[in-house]
Amino acid sequence: MSLWSVTLATLKKDIRLEWRSKDALNSMLFFSLLVVVIFMFSFDPLAEESRHIVGGLVWVGFLFAAVMALNQTWARELRNQVLDAYRVSPAPATALFLAKALGNFIFVSVLEALMTPLFVIFYNLRVLGPAWQLIPVAVLGTWALVVNGTFFAAISLRTRSREIMLPLLLFPISIPAVVSMVAATTSILTGEDSAHFYIVLLLTYDVVFTTACLALFEKILHAE
Amino acid sequence: MKRLFPILSAITAALLAYALYQALVVAPTDAQQGDVYRIIYYHVPSAWTAFLLFFINFIASIQYLASGKDSSRRAAKWIVIAVGVLGVVVTFLPQVKAQLVSTGMRPSAMATTVLCIPAFYFLVGWLFPGDRLDVLALTTAEVGVVFCTIVLVTGPIWAKPVWGIWWAPGDIRLTSTLVLWLIYVSYLILRRFSNSAQTQMLAAALAVFGALDVPLVYFSIWFFRTQHPQPVIGGGGSMDPRMLHTLLISWMAFLCFAFLVCWSRFRLELLHREVEAVHAMKSLVGKDRVPVGTSLPLSRRPQ
Amino acid sequence: MRESRAECTDSQPPVNSLLPVSTPAIAVTNVVKQFGRFAALRGVSAEFDAGRLHAILGDNGAGKTTFLRALAGLTQPTQGTITIFGNDPRAACRDLGYMAHPSLLYDEMSGMENLRYFAGLYGILGDHRCQEVIRAVGLDPTLTRAVGQYSQGMRQRMSLARAILHDPRVLLLDEPFSNVDVNSAREMVQLLKGMRDSGKTIFVVTHQASLLEGVVDEFIWMQAGQIVDRTASMARAGLS
């Protein structure tokens, strides 16, 4: 029973459960679509300025979709108090955290994969800079949102108004990541600047906060 | 101790009045901004006070998190000492020294700032044992948010007449202050909304996350600004020594005031916890059995 | 500040696993548990020997569930200590099996899938053990129905299977028979008897003490957060 075997087993279990119920998945996919459509009506796609702000629009859209996904991270564990079964077992808390974070990462990536073509279509996006750089930005940026989101979702379990507590805690801490994601995406889309610094900053953010989350999660899990 | 409070209050009132007089009357008028700039004597000291209070909150939170186990307490102690030593060494490395000088900072000032981390860590740990660490964290967070609000309100008030805009997102100081304010407001909301027995630990974890976040905020906006030049609201450059003098007097007055408010809040919170402890003890003893021979972990010496 | 719980190690057996006969298996010393102003446990002290079945009885709000959760390591006492075979409950997690009124199972997976997952948490590989415990509680391992569709009796039995999966030395059961049909309950009681006979220490919190009559070694009576009596029979004033 190692960290990785428990992480993988938990991740596989979560994916299987998500696939079977599909309620959360379907409603969130539709929500993501709606977000893109609302933005399309609010921010004129044909205006010249749109190219410069679409990086921001994309990530704000992803952020809202991510919060919806993160809010149900622990929903299944709360039903029937399954979390207690995990707490009395010898399995390491970090394995549970990693599994949940990875599961959320996959889930949010699926939502992003749906929303991106819609943005491209509605906003007639062309990438003027090095397009391949969008991949590290997407991966690092999504992980930044998801790792802290999973952690704060666990903290919110112990609060009243659980669903509002998550964005309340997540948004302030995510500001440097959001600034970097948006600036990097805009740089790549417009081709005007280099996204290199922001990618490095995102990597730093991810490393710092993944470490902090792994270090502190056990205390959070066992908080009564 | 009880006599000290009115004496300190009187001194603080006098200092504040003196600082006001200095700010409005004695300090010279700015060559470019005229008399509008005088808001700096409230804006800047509030910022320094808020940062100091949040720094103390961060130190108290780390100590609180580390205090659970002896091993983590020792580890935290050595890490903090290492940070201090390394920080000083790094500050005096030739490349870093050159960088600091080019941005107008003296390496010795930077080194002193870095040494504050272990210094405050041990001071706070010594002065506030046990549960008092958490009371200190709560107090500094609340009072810090108030001073931070003052900074965020006076900033735009200053900016509008001078630069014609209320806010510039690239203004690194004001924007970092806004993020700090947001983090600590969320900290206070967490403390209010949590129904866990370990609220204090959850809040301390959030404070540590916030502290890790602040340098990242600073760098992200700093780079954004180098790519997109923006007006700098705070103003740069050197300062007339008389202005600096007034600024320091003002800061002294604000620190005294902050200390008084923190002290009151601290005592209020201690009293509140004492009342809760008494209620808890009553419920423990109950009305249907001989009192259980235990004492609750009151970490406070009786007055 | 309290020392925090010891880590539950997965590779070594707990220290002091071979205790001399006179040392109690479970020792509870002056345990107090407060939730803000409310004291759920008010100075509970007791010692329990291994290999016995104890029923914990008392009115609602007496502290029975809190006591059981404290033994399981799910709740930290405000004061006092609990040792299970010489270890802190969290360090002794391999020796503990816990079952509560919620099933602690995933409604969307079948019984076998649930157990396979929890077996993985304890480092138990292969399906053999999972099938064994499912049969032991009187259910069919090949059943593919999701646990959420089980009857209450089946669900409680599957929950018990999860609790005994890793063959713990101590079983902590919180209201295992509530809303369960009489036959399922009787079968569970027989199972518990068999486990007690094989040397396990069992604590059962229940309002249906009559189900356990003849099987139980000791009744523990709790009231207002304290253990007020320990009897060998149910002949205590006021019991319905």
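Labels A, B and C are assigned to the chains in the order they are written; within every chain, residues are numbered from 1.
Just so it is clear, contacts are C-beta pairs under 8 Å (C-beta built on N, C-alpha and C of every residue); 3 or more make two chains touch, one makes a residue touch a chain.
No experiment lies behind these values; they were computed from the predicted model shown.
The chain closest to the protein's centre is A, with centres computed as averages of CA atoms. Set against the C-alpha centre of chain C, every other chain centre is closer than that of B. Inter-chain spacing, taken between the CA centroids of chain B and chain C, is 48 Å. In terms of their C-alpha centroids, the spacing between chain A and chain B amounts to 31 Å. Mean C-alpha positions place chain A and chain C at a centre distance of 38 Å.
Multi-chain contact residues of chain A (touching two or more other chains) are listed as 224. Residue positions of chain B touching 2 or more other chains: 68, 197. Counting partner chains per residue, chain C shows two or more touched chains at no residue at all. Residues of chain C touching chain B in their complex: 1-4, 30, 32, 34-39, 42-43, 78-80, 224-226. Chain B meets chain C in the complex at residues 67-70, 130, 197, 276, 279-280, 283-286, 288-289, 292-294, 296-297.
Listed in rising order, the residues of chain B touching chain A in the complex are 65, 68, 179, 182-183, 185-186, 189-190, 193-199, 201-202, 205-206, 208-210, 212-213, 216-217, 219-221, 223-224, 227. Looking at the complex, you find that chain C touches chain A at residues 5, 8-10, 72-76, 93-94, 96, 98, 100, 102-109, 113, 117-118, 120-123, 162. Of all residues in chain A, only 1, 5-6, 9-10, 13, 16-17, 20-21, 76, 79-82, 84-91, 222, 224 touch chain C in the complex they form.
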